[in-house]
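Multiple structures follow.
You will see chain A twice below: alongside chain B first, and alongside chain C after that.
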Partner chain A sequence: MMKKISKEDMNRFIQSLLSDYTVYAPVNIDGIFSFKPITNFQGIDLNYQNSKKPPKEIFFPQSETMFEYEKGKVTSAEKVSRKRILLGIRPCDAKANLLLDNVFAGEDYQDVYYINKRENTIIIGLGCRRPLSTCFCTSFGGSPFSRDGLDILLIDIGNKYIVDVVTDKGKEILTDKFTEASEEEVKLAEKIKRETEKRIKSEVKIEGVKEKLDTMFESPFWDKLSERCLGCAVCSYLCPTCHCFDIADEAKDSQGRRIRNWDSCMFPLFTLQTSGHNPRPTDKERMRQRVMHKFNYFIENYKRAACIGCGRCILNCPVNIDIRKVLKEILTN
Partner chain B sequence: MRNPYLPIPVKVKKTFIESEDRMLKTLDLIFLNKENKENFKFMPGQFCEISLWGKGEAPFGIASSPLEKDYLRFTVNRVGIVTTALHYLKEGDELGIRGPLGNYYPIEFFKGKNIVIIGGGFAFTTLRALTKYLLAYREDFKDITIIYGARTPGMLLYKEELKEWERREDLKVCITVDKGDKGWQGLVGFVPTIVERKAPSPEDAYAVICGPPIMIKFTLPKLIALGFPPERIYTSLEMRMKCGIGKCGRCNIGRFYVCKDGPVFNYAQLEKLPKEY
Partner chain C sequence: MQEVQRKIREKARNLLLAGSVDFVIGFEEGALLLRASPVFIHKEDDVEKLIWDSFCENNLAAYLTKIGNKRVAVVAKGCDSRSIVALIVEGQIKREQIVVIGIPCQGMIDRRRIEKEVEGEILEVKEKSDEILVKGDSFEKVFKKEDYLHPSCRTCKHHNPVISDILIGKEVKERAQVDEYAEVDEYEKKSVDERWDYFNKEVNKCIRCYACRQACPMCYCEECFVDNSYPRWIGKELNSSDLAVWHIIRAYHQAGRCVDCGNCERACPMEINLRFLTKKINKEVKNYFNFETGLDITVPPPLATFDVKDKQDFIDSGE
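And now, the complex of A and B:
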């Protein structure tokens, strides 16, 4: 269903959502874009390419209280107090959430913290008109205007948005300000889509990478690749599909809380055992683990690579490790 | 939806020091409420995350058999924050457990077979659970052999029970120590050597082996040389763990998460996995 709404009406619509929902939207703080709860539509800044931190943090926060306790009495923080709207996320990141669903909402153990947030959130994506040179979503079957994992997709066509209503959940929040888009408007949106996709110049060949990696565990390739790595873990912290975490207690006397924090396989402490034994003792094993997990183990478990081509790891790596180049080298290794 | 991160409340029924260096302590725990007790169904080889308020959690194999209904047993080596705090617990103290977690020894396959149980040091915990279980259904299995070693006689776990087992006619028990003391009349020698010397028959048999990595490393070739096929040698892996349910990522080896797809693997499966444990 294709609708349209003027930008002015969109602002009013967002404002009206605030009375029933907590709205997370892109906010510019000192030049860094991130998704924050807003109190007024004017706080939103849609003039971004993508957020620094992926919006996975709306469902899987960087630091999250799991429960609080006092003298053995436990109060879980699993419930979501208010319904949420996640506004303005990029289609690549919406796709990443679908990958995370495999882990947190899969067949075996259900992660209630993640699932409750996910179920109580309506996602309104914003098609990406200015892809970066590091973007390669199309290599993973994505597109700057992909609808996967979205309830509504907005396409900016100048003074208004074309509104692609993807799910019933998305349909339910529409108001009468959303009117039928005309044929020309839909055509214009299609044209914008095509032109934007053409601007994504990076193309990575994924086919065959998994099979190649099957044979590469002992390869000297990892020694060379990890030489540059500082082990800073920015690649995994900013990755929209990385899901590793640590669990810790914070307590004073008999009162405290158990929290979980993002963690990374790039850190030596991640696997260090109390005995002193570490199955992944150097950057080499850790770098290999990260690549293997994304492009071999994850595929084996869920039939998809744990990468959506957002390019955050490329943009932010302090030593310019480029996963596109790594994948290419794997294939030619 | 059940929250798998919330610990089940339990309390300490009894504690006792197992080893002469006082670093190994056994805790017998009981459930605080009946419903939790009834719903807690496990098999030998599974583990729990033991949870202490303000200290955190750590994984431990369950040392009691599911047929011991009066308590849940864990034996804890004092090495870090959680284990030290566990050593300080007294009778009646309350704590939490999450579990049962992971897979278990494939007892269905063991039926009608000879079973060789090989243990070293304080890794004998889930092997105790297994032995108790096999003994409870003794007629379902053929010969049962136990080879268990520790550094010294004083470092052996469950000493009283071992003595009982040694007296049984339906159980072959070989206890060995690296170094004996004055009163020691049993075997002296490392576990791999004793395995070689006792040469349990691979005929219609399964082997289950748990112990320090170095012991496993040297015992496996002995079992293979004796003729045990890799898919009939089972062991239990240890990795650093947090969530215990395959999400937090740290026990990932290949496509598996040791906490949820393990900890029990056979040697044929391990040979296909990256050697990252």
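And now, the complex of A and C:
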């Protein structure tokens, strides 16, 4: 179903949502975009390429209280108190949420905290008209205008949005300000889609990477690759599909909270055992783990790679490591 | 610059051929425009990868605490060379392990500032002697290098390497007039509340990825205090109090040890002003002990030593 809405009406629509929903949208703080709960539509800045930190944190927060306890009484914190709207997410990041579903809402394990947030969130995506030279979503089955993982997809055609209603959940929140899009408008949106997609020049070959990695666990390749790595967590924390966490208690006397925090396989502490032994003692083993998890183990488990081609790790690595180059080198190794 | 690059390759080749070093750490062309990337050269055939331009922003001394017993040649700007001295003074590396390929540095380009001043993505970059030319789909702009240096380079007083075994390129004139503590002085003039607000605004951008720590040559602790679980010094959450503790302790641990290379700030994905705290501490160390880090291989950092003439008017006698 293709609808349309003027940008002015869109602003009013967002404002009206605030009475029933917590709305998360891109906000510009000192030049860095993040998804934050907004109090007014004016706080939103949709003129952005993508957020620095991926919106996975709306479902899988960096720090999340699981339950609180006091003298044997336990209160779970799994439920969100209000329904939520995630507005303005890029199609690449929406696709990443589908990958995370495999882990947190899959056959093996149902994570109540994640599922509760997923089920109570309506996702309104904004098609990407400004892909960068570091973007390669099309190599992983995505597109700047992919509908996967969205309830509604907005396509900016100038003074209005074409509104592609993907799910019933999305349909339910529409108001009468959303009117039928004309044939010309739909055609214009299609044209924008085609032209933007053509602008993604960066291509990554993923076929054969998994099989190659099957044979590379002991390869000297990892020594070489990890040499320049600093061992920080920029790549994993800014990755929309990385999902490792660590559980800790914040306790005082007989009361406290159990919290889970993002963790990174690039940190030495990640695999440090109580005995003092660390099965991944150097950057080499850690770097290998990160690449293997994304392009071997994840494919083994869920039939797809844990990468959606957003390019955040490339743009933000302090020493300029490029995952596209790494994948190419794996294939030619 | 071409000439410097040619000589770096030549010297690296000679060192590897003679077997005087196990490998050379330098820079290669980055995967992104306006960037170079650290590279480890093990074979003389690979020396052609080595480059030198105005984007060689990383402090390569950060890799030296991981080299074990290897003998290593390292390309060093003024700041890198000071970090090398500081690491030697602190006993982390041995002088004889390191061949310093010193390069007088004109300052490196602040890529983020250039990126922010153009509309759209930069698709082509050309470096000329004192200008950077950038092109995108709908723009073309020239930036004067001098005006677009990293903040740390703009206040740098040691562009020339303080030690080197091989010096490549002409010595550059140091900017003796530069007021390196101007930003700190401004900060000190603010009220306590204003300072606290600014500090909080900056540290609350932090995502605890520890890129600042990992990029810093002086953050070499085998176990960082944040990772210590017994005793546990700091919580693991992303909250203001834990973030404040991290940033305060990080800065304190740098007292008399920071060379203000700015590697922490450039590594930070959230673009936190990390230097204002370390800079403040550098100023205190300079005032109290007349000490600047990494200038003399024989002088230990003031907080690691004791002298009866040390100023002690900061001690509260309780009277």
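Worth pointing out:
Here is the rule we go by: the second predicted complex is superposed on the first by the 333 of 333 C-alpha atoms of A that agree within 3 Å, B and C clash if a C-alpha of one lies under 4 Å from a C-alpha of the other, contacts with A are read in each partner's own complex, and residues count from 1 in each chain.
As a working rule, contacts are C-beta pairs under 8 Å (C-beta built on N, C-alpha and C of every residue); 3 or more make two chains touch, one makes a residue touch a chain.
All values derive from a computational prediction rather than experimental measurement.
When both complexes are superposed on chain A, chain B and chain C sit side by side without a clash. Across the overlaid complexes, the C-alpha centre of chain A sees chain B and chain C at an angle of 90°, to the nearest 10. Of the two partner chains placed by the overlay, neither chain B nor chain C lies in contact with A:160. In the superposition on chain A, A:52 contacts chain C only, with no contact to chain B.
Within the superposed three-chain model, A:290 lies out of touch with both chain B and chain C [touch as defined at top].
When both complexes are overlaid on chain A, the residue A:246 reaches chain B and chain C alike. Touch criterion met: A:321 reaches chain C, while chain B stays clear of it.
Once chain A of one complex is fitted onto chain A of the other, the partner contacts of A:118 are absent, as it touches neither chain B nor chain C. When the two structures are aligned on the shared chain, A:271 is found in touch with chain B, with no touch to chain C. The superposed arrangement places chain B and chain C with a least CA-CA distance of 7 Å.
Overlaid on A, the two complexes show chain B and chain C touching the same residues of chain A, namely 246, 248.
For chain B in complex with chain A, the residues that touch the partner chain are 1-7, 9, 53-57, 79-80, 83, 94, 213, 238-240, 242-243, 245-250, 252-255, 260, 274, 276-277. Interface of chain C with chain A (complex): residues 30-32, 35-40, 58, 62-63, 66, 116, 120-121, 123, 205, 207-211, 213-215, 227, 235-239, 266-267, 269-271.
Only residues 66-67, 69, 72, 74, 76, 78, 103-104, 108-113, 115, 217, 243-249, 251, 254, 256, 258, 260, 263, 265, 270-275, 277, 279-280, 285, 289, 292-293, 296-297, 300-301 of chain A touch chain B when the two sit together in their complex.
Remark: chain A residues 29-32, 52-53, 62-63, 130, 132-134, 224, 227-228, 230-234, 237-238, 246, 248, 250, 259, 261, 264, 267-269, 283, 314-316, 318-322, 324-325 touch chain C in the complex.
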